[in-house]
Amino acid sequence: MNFVSRRDFLKIMTEALLALSGLLGLGGLLRFLGYAGESKPPQVYDLGLAESYPPGSRTLVANGQYMLVHKQAGFTAINTSCTHLGCRLTPGPDGFSCPCHGSHFDLNGTVLSGPAVKVLNSQTVEPDRDGHLFLQAF
Amino acid sequence: MRLSLFLAAVLLVIALLMAAWVENRRPQALAVTPSLTGETEFCITCHADLNEISPSHPVETFGCVICHGGERLALDADLAHSSMRGGANPSDLSVVSESCGGEQCHSGSPAEARDHIQRVQTSIQATYAGAIANMRYTYGAQPDLNAIFGIQAVQDSETATGIPALAAFDPTQENNPSLQTFAENCLYCHLYVEPLDRQEYTRFTGCAACHTPLTDHAKQDGIPDDVHTLTTAIPYTQCNTCHNRGNYDLRSMTFTERADHPTSRLEDYYQPIAQFTQCEYTLDCVDCHTRQEAMGDGDLHANQKDIEYVQCQTCHGTLEALPAMQTLTDPNDLAFRLAFLNPVINLALGDTIIVTPKGEPLWNIRLLPDGSYEQFGKATGHRFTFRSVMGSNCQQNVDEQESHYCHECHAVER
Amino acid sequence: MRPNFFHHLHPPSIPAEQSRWRYTLGAGGLAVFLALVLGFTGILEMFFYSPNPADAAQSIQIISYHVPFGGLIRNLHYWSAQLLILVSGVHLLRVIFTGAYAPPRRFNYLLGLGLFVTLILDDFTGYILRWDQDICWALVTGTNLLKTIPGIGTFLFRITVGGQYACESALLRFYTWHIFGLIFLAAVLMVWHLFRVRRDGGIAVPPPEARPDRERITRFALVRREVLAMLIAGAALILLSIFFPAPTGVPITDPAVVTEEARAPWFFLWVQQMLKWGDPFFWGVLVPSVFLLLLALIPFTFAQPEPAELGQWFPASARSAQIAAGILLLVVLLLSLKGLTS
């Protein structure tokens, strides 16, 4: 057992306690800054009647956030956010292109080229029993 | 010095640990984000065990603040309750427009049938205009029974009764001491005020006066289930918080509350001088008395007699005529909406119900295939059947079919 | 050991007699510490506070009730602000009652006085940022008082309020005054004030030949004492903030709603009492300005303390200044007491 003088012992203990205070303070500070508030429930968009989207049509809906595609199998909503870093894609005749870093996607959202690697997010949309289409944000 | 520094460091660590401990002891804040407002509320952090007020006002849609006001973010009771409307009762008539009103809510469309707030504010139960006019006429303060004063000033710009406004009754402007005593002792049966503090007759003000039926214990601490309830299934006991509380004496201008707590409706609930037929001591008041009678028709009236119009013949018909009926063909009919609110009867398209002379649906009474009728008590759900007068052994004269003639034979001797 | 940055901020050594707490009360140093706590907690609050009349009070409720340790940070900010005014007042009185305003310290005395006024205004602007019913009338009367000043009054009102009705438009202006305008001024004054303390010779002491006790303490010991004071003050502030929350009122919804008692914040209670006596410009602007002027003139008008009597409380040679200051203090205290109890 080392013989530490009382003076040094107190000094070490004080410094340890101050370090502990610092850690406690830092922990509290991080919790304080990490507060994000209540998350709102996802928004639901009313897309209107299913029959207003003829088969084969591709329509931008919900303020341009989604492309509603009416295929034989049914309705699909493709999220127009680039899967690279989230820019709003520009729809074109062959698919989508991203103005930020040059990613290209085909009509179904598969990556053709560019820094993006993941396919675009999409979801099927079912009309309800009145033939109305509602899309929950995803 | 080194020791002092060490001790001070200990003190600091203790203070920080205490701060952390107090923080972790805080109860988890519980949130509701009602779909009508989109603004998160934390009322249920403390009020999680409160029952939902009615199936028509689900908390996921309304939340609490849209009706009650209050500070939605505060977790301190005093601050949270500080901006609540009407204290515990947001339907008090002083705040009812902000709490219950709105075009999508109970101020409704210009069609008076949906503007319940305007109806109630002009109704006799709020203005008490008839009693005030009668008293002032009796004591010579006015030459006739025209309604001039109400409990509070109210206006009706589209009046169909010729009464465009009532001024606020001010007893300090009355010369007759009896009228002043009337104001002191007798103005406890209208919608702006609670009855004097008695266990048997507790009632809120405003819409809750009828739509929040209370039982005896309602004035205890905490929030009992029946206090946080809105219903259209109103039992007769709630009406009796005004309509059967005791006796008044005009000469001494006093009101003596009855001291008993009657249970037998026939034997000792009602005054001995009154006559009652079986309907009147079996059904609830709301089974016969219509929405217009209770809540007004949107116009100012001078007397209760002007708005009460339901008679025995409304349901039972006369010797020469069946009661007025209506077959329900429109799924948006008011009758379906009322039956949905209080499902004691499963009305379907094609059912025939009785309607009043003013077209109000008696949606809880349905014509049966054999020509008789079935009725479901709105407050009890009990099923009754009855027949029309026409074709029965009724011996009344054909031109004497008002209710008081029916009472001659059908009222019970007590 | 080698002196670090904080050691170098202090003189190599100071006389031991004047470094004792019973002489300085540590009030000036404590004021610096409280100001630092204020700055730190204030910046943390800026992450969540919204200077928008519609949601200012609600953002404070979010800080107080929902952000982890938000209530603690807010309470720390509130208490260190009120204690700063009190401690600065104590420091001012200590300087007067120990004669530490004598030349060459007269200019620094004025700097300190200016700093004091700036901090009071910062406390007031911070009070307004609560934007609840309790502050509304203080805001209206305070800004209307500005308008009573002849000549520049309307202009002063415009730069503080930035609109017609104080309770609507003033919030953003007061926010910027609070976190930038006044703090910038206070920071300049504080740094200058501290610099002048060193340049004027440090803590006021008698000349060497008049000192019976020749003991001195090193800068290391001095810094250690200051650290000790900060640790104790910090712990006390935290404990105070845990158990005594800052006031929160009902958010302003309708400016026309009057609260039952319209009370000035505690440091202006004395002015509110005087305003009950008559003309607002006279009692609300002129008289307080005269108070300030009298305080400012103390080093210039009254008999200076003898150099040999410096470094102690109540030197006899400066009695007249002490009596004058005592009277001013008494008046302010009595008026404030009246405001508290009425």
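The chains carry the letters A, B and C, assigned in the order they are written, with residues numbered from 1 in each.
Just so we're on the same page, a residue touches a chain if its C-beta (ideal position, glycine included) is under 8 Å from a C-beta of that chain, and two chains touch if they have at least 3 such contacts.
The structure presented is a predicted model; accordingly, all values stated were derived computationally and were not measured.
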Between the pairs B-C and A-C, the one where more C-beta pairs touch: B-C
Chain separated most widely from chain C, comparing mean CA positions: B
Distance between the centres, which are taken as Cα means, of chain C and chain A, whole angstrom: 48
Inter-centroid spacing, chain C versus chain B (mean Cα positions, whole Å): 58
Numbers and ranges of chain C residues touching at least 2 other chains: 62, 66, 68-69, 72
Touching two or more other chains - residues of chain A: 28
Per-residue multi-chain contacts in chain B, two or more chains: 5, 9, 12, 16, 19, 23
For the chain B and chain A complex, residues of the former touching the latter: 2-3, 5-6, 9-10, 12-13, 16-17, 19-20, 23, 31, 33, 38, 40
Complex contacts: residues of chain B adjacent to chain C: 1, 4-5, 8-9, 11-12, 14-16, 18-19, 22-23, 29, 42, 71, 73-76, 79, 82-83
Chain A - residues contacting chain B, complex: 7, 10-11, 13-14, 17-18, 20-21, 24-25, 27-28, 38, 40-41
Chain B partner contacts - residues on chain C that touch it in the complex: 58, 61-62, 65-66, 68-69, 72, 221, 224-225, 227-228, 231-232, 234-236, 238-239, 241-242, 248-251, 253
Chain C contact footprint on chain A (complex, rising order): 28-29, 31-35, 37
